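Chain nomenclature is as follows: A, B and C, assigned in order of appearance, with residue numbering initiated at 1 for each chain independently.
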Amino acid sequence: MALLQTEGLTAHYGDFQALFGVDIALNEAEVVAIIGANGAGKTTLMRSISGVLRNAPSMVQFDGAVIGNQPADEIMAQGVAMVPEGRKLFPSLSVEENLLIGTYGRKTGGHWSLETIYDLFPILREKRNNPGTALSGGQQQMVAIGRALMSNPRVLLCDEISLGLAPVVIKDIYKAVPAIKAAGASLIVVEQDIGQAMAVADRVYCMMEGRVTLSGTPESLNREAIHDAYFGAAA
Amino acid sequence: MIWVDTIVQGILLGGLYALFAAGLSLVFGIMRLVNLAHGDLIVMGAYLILVLVTLLGLSPFIAVLVAMPLMFALGWGLQKFLLNRTLGDDILPPLLVTFGLSIVLQNALLEGFSADSQRLPTDALTTASVQLGSISLGVMPLLTFASAILVIVGLNQLFYRTSLGRAFRATSDDAVTASLMGIKPANIFAVATGIALIIVTIAALYLGLRSNFDPNIGPARLIYAFEAVIIGGLGSLWGTLIGGIIIGVAQTVGAAINPEWQILAGHIAFLVVLLIRPRGLFPRAHD
Amino acid sequence: MAYTVQTRTRASGIAAIIGAGVLMALVCLPLFASRSLIQDMFLILTMLVLAQFWNLLAGYGGLVSIGQQAFVGMGAYTLFGVVILGGVDPVAAILFSGIGALIIAVPTAFFAFRLNGAYFAIGTWVIAEVVRLLVAQWKTLGGGTGTSLPREATREMWFVEGIETLFGVRSAAARDILAYWLALALAVATIGGIYWLLRTRRGLALAAVRDNIEAAKSVGVDAVRMKWVVFLTSAFGTGLTGGLIYMQKARISPDAAFSVTDWTAYVIFIVVIGGIGTIEGPIIGVLIFFLLQSLLADFGSWYLMTLGVLAITIMLVAPRGLWGLLSERTGLHLFPVRRRLVAPKTSET
């Protein structure tokens, strides 16, 4: 039994259908990457799992319970935290306050606290009293990850955390993944950068036009198959 | 010297207007909701205190403590079950629903208490005054002003020192992302309106102690509150106090020139500020 | 050629025919109706006009004003001013009412347009209060207590003598009939004018501004100019109506003429209950308003409470109002403004 899974997940924005029966699974202590082009439905998938979009109950299951119809705050309280696309720091809050608010809905003890987050991303300790939005893109991303970790989640959803960042900064951020894993969280990482996804993930799902078109371990997938699954066979 | 006296009285009056305005400012700051029934809720608070005073024989200052949790519950329920349903991109529903609520409240009070003027019972303390040089300051206006400062300090502490305050600010920034932090925006809004109604109750106490009130005076209190908020700049509580003081001073100075000009002078001061500083004196950096 | 665009529907054609019949009956109403019915109809028609103009502002222009009483009051006081001080005939003075309202509408817009959304609403209210307080200082017109139209002016009003002889009624009743006809003409002109406006390019631009101001700007709609056009039009019409209402009442005071309850609260309730953003809505709304008023006339404040609760409920469960519900169920549009693409064969327009 997987820790988190979707079963025939569909999603709509008004008349537009964004997901057509998506099945993915995340096992305990695993890192799963979801790759795909713009508009493939990756962010919609994240929004559905995290409860920002509501679904039929059984479409999302976590730790043996159906959670597809629960609102975001209840899903978060059970231990599924999200680093949203575009970081979405709260401009009215300082860096430290942005981190602290991560525990609002879930105050379980665990590895992560202000101290351990500052150890993971030392630059944040220096900038703790700055407004979150005064930081560079990479630092903001660190705050967003730290904010999600503060609740000591069992599952961390990372939506496009490398978007718009310089390669050297992306590397810095991905350096944190082993530590996050070691502290007991399983991860779903949405990524447009195939190389980065292959490097970090235990398993990869490729999405196109609202469907999963390919899945497997990084070793088992060849370049050709990924290219077809990513851009469509005709491309 | 008469002018110094007039201006000091105006500043103290500004404390009352800041109390009227603080709740409005709080609710607007967190959920961008302008509650057109705010003034009528103040008047309702005054009647609630009056009922507690007459029924239980309490002093108004004790009655206000009893009224606070009741008003909090009312605000919480009002937001949770009625006003939350009006929030969204369209500005019509919240405006029209709160306007409807204002009319309903006014007429319910009229039905329950008649149009007769009422006043909370005052004792020696509330009519006393202290002499400061040649200026005599009423204890009541001083108490009002001190309460306004306390309320604003308290709200600032709540906003910037507590976990709830962080949740208020985060929800105000971005409700969807806040829900990813485990915050229920609907509950945050309900608590915020509850707190606003606690402040409304404090404002109601001084309204009732200082002057007569009847069911129809709510809209005018809403307008003073609104003017104070706009003059101060949306979302700035200290700005709201300054806004209240400007309205208060304009009114006492206007009244000193011609008693009929009191209210008018306050409105004119507001329009002048709007003319030179459309975003108020202390606008928030991002909005 | 190929496809054409038209707005007419079959229902609207039938409605036009029925409408013409109803209009004829309304014109002839004084022939057989009692004086009290004429007075009721005057109230209904004037409220309808006020509602149509508020609807134009809020429903189509997205400008929620709570300060319409400024224009009613200003229109009314202008009428009294030019009649009492200028010796103008009251009927002719109604035109000045519109102009009087326009004169304060310009500074009002200048201030209120600096405020957004909800703050615009209270801003208009503040300005209405300022106008009321200023007018109350105008001692020649009775200051805070108000004044009446001079007896000579009302007795010698245009058309009144003609109506007296035509219907064989006394002067007061003749004045009511005259006021009723003027209200009817104003209502027809208002509905026709607003309908025309909404069907022009300008009306389309208006809908675009209301739905998405940024998108509208990007396709070249001058949103600020549209707001001015709508605001001034609405002020002018509301001022005319205010003048007409107080010509009939012949007695004025600042508190009554600038009453937020009478000239804005009722009007908002009428539009919300009937259906905001439609021409049909205020018509339905005013009928319900009047029905409730007749039913609850003896219950004082319960009447306003009922209206308020009804308006809140409708806003929450059926935000398009009663007409919206009806139109959704039946697809009925009496004043269609939506442009539909029509295949070649059936099209004539």
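Please note the rule applied: contacts are C-beta pairs under 8 Å (C-beta built on N, C-alpha and C of every residue); 3 or more make two chains touch, one makes a residue touch a chain.
If you're wondering where the values come from, they're calculated on a predicted model, not measured in any experiment.
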Message = Using the contact definition given at the top, which chains are in touch with both chain A and chain B?
response = none
Query = Which chain maximises the distance between its CA centroid and that of chain A?
reply = C
Ask   = Could you name the chain whose CA centroid falls nearest to the centroid of all protein CA atoms?
value = B
Message = Could you work out how far the Cα centre of chain A sits from that of chain B, in whole Å?
response = 44
Ask   = With chain centres defined as C-alpha means, what is the inter-centre distance between chain B and chain C in Å?
value = 34
Message = Using Cα averages as centroids, what's the distance between chain A and chain C in whole Å?
response = 55
Note = Touching at least 2 other chains, the residues of chain C are none
Ask   = In their complex, what parts of chain B are in touch with chain A?
value = 163, 166-167, 169-170, 172-174, 176-184, 286
For the chain C and chain B complex, residues of the former touching the latter = 58, 62, 64, 66, 111, 114-115, 117-119, 121-123, 125-127, 129-130, 133-134, 136-137, 260-261, 265, 268-269, 272, 276, 300-302, 304-305, 307-309, 311-312, 315-316, 319
Query = If you look only at chain A, which of its residues touch chain B in the complex?
reply = 50-52, 71-73, 76-77, 81-82, 84, 88, 90-93, 97, 100-102, 104-106, 147, 151
Remark   = Counting only contacts in the complex, chain B reaches chain C at residues 33-34, 36, 82, 85-86, 90-97, 99-101, 103-104, 106-108, 110-111, 219, 222-223, 226-227, 230, 260, 263-264, 267-268, 270-271, 274-275, 278
